[in-house]
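Could you have a look at this structure, given as structure tokens, before my questions?
Per-chain residue numbering starts at 1, and chain names A, B, C and D are given in the order in which the chains are listed.
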């Protein structure tokens, strides 16, 4: 599964994309695995209220299942237009 | 005082503009003077609900006074845009 | 504020670029363009637009000033044609510029609602079978009550 | 429906003319243009726009399809840029065509409201004193509730 980061999430984690070989059951499980890795992940995921998540390029929720997901992306609220 | 007609009011009366030498006190007095003239005026002013009036190029009412008015215009509801 | 009442065609794209280009610090530009169309399928060959020279300019200025006082705007452009127009020709345009999009949108809608029912223009549809004045629509008059 | 996500500038006037020109039987065309501006007077020198390739196009298509299903529209155009832009450059535009003006206006406002908060773009302001990500505004999120 590919995990993508955008905007300040990308900056805090220090990379735009990485490959995860584990199989987390939900987005929240993935977040917890990442948080346990290094302080930069903990900093990026400190306030989930300030984050949005997309699963396979569709906006999703932190309790969404990740079965068969190929791509998960984390980013701050969008500011298009 | 100049009296102007637009759209189908102009067509019914048969002219775009004429000069009135009388001094009607209100728009309604002017309408009644015109109605008394000829059938084409009566036809044009048959239904005042279908007409609008401007006094000196400002939308006005049929009971508006005409003291010092230089220009009165009659026309159907506007269809700009 | 730029208000033009003219018989000649205008170039929507060139006017829009020029309008947007002369704004400073405005984040939002909205344009509306009205196009001659045969909505009732009456095979309209042309539209004759009559107006009230003198009052037209005053009425448009008044409507634009009212919009400027209600919303935080950078600028307003109104172009309205008269004379004989053919299907698919552009009748008129408005453009508004504002710092925020809500002001630009609302002012443009306000301008259009008042232009429809308070600016002295009248439209006549010319068809092969006869000509007819376009009647004012109740919903256009009703649209004014929201402002 | 024409949706473009691009780094290159676009010509607002040319796009507007082309869009209006390819409509048939549409009486109303509305455009919205977003322009880089320094609202907070932070002396912004540039704006860096990041997006999520792949998801961006999907999100814009979904928003445009939703607008098409809600209003009686002839066509929709969306152009949104990414990369480094400077003050007074155009960031994006939408255009809508409809038989009646209310549909064209409402669809354009709907597109903008959803583009603001549901299309994966992020803006960073670059200034002499440091850079900062533009925060989403509560009022932009609130604007979605009206639809």
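Quick note on the criterion: a contact is a pair of C-beta atoms (placed from the backbone, for glycine too) under 8 Å apart; a residue touches a chain by one contact, two chains touch by 3 or more.
Just so it is clear, the model here is predicted, and its values are computed rather than measured.
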Smallest count of steps, each to a touching chain, taking chain A to chain D: 1
Centre-to-centre distance between chain C and chain B (centres being mean Cα positions), rounded to whole Å: 26
Length of the line joining the C-alpha centres of chain A and chain B, rounded to whole Å: 72
Inter-chain centre distance, chain A versus chain C - centres from mean C-alpha coordinates, in Å: 48
Junction residues of chain D, two or more chains touched: 34, 101, 112
Sites on chain B at which at least two other chains make contact: 81
Pairs of chains in contact (touch as defined earlier), listed by label: A-D, B-C, C-D
In the complex, chain D residues that touch chain C: 11-17, 20, 23-39, 88, 90, 99, 101-102, 104-105, 108-109, 112, 143
Sites on chain B touched by chain C in the complex: 4, 6-8, 10, 54, 57-59, 73, 75-81
Residues of chain D that touch chain A when the two form their complex: 34, 50, 52, 54-55, 58-59, 80, 91-92, 112, 115-124, 133-136, 140-141
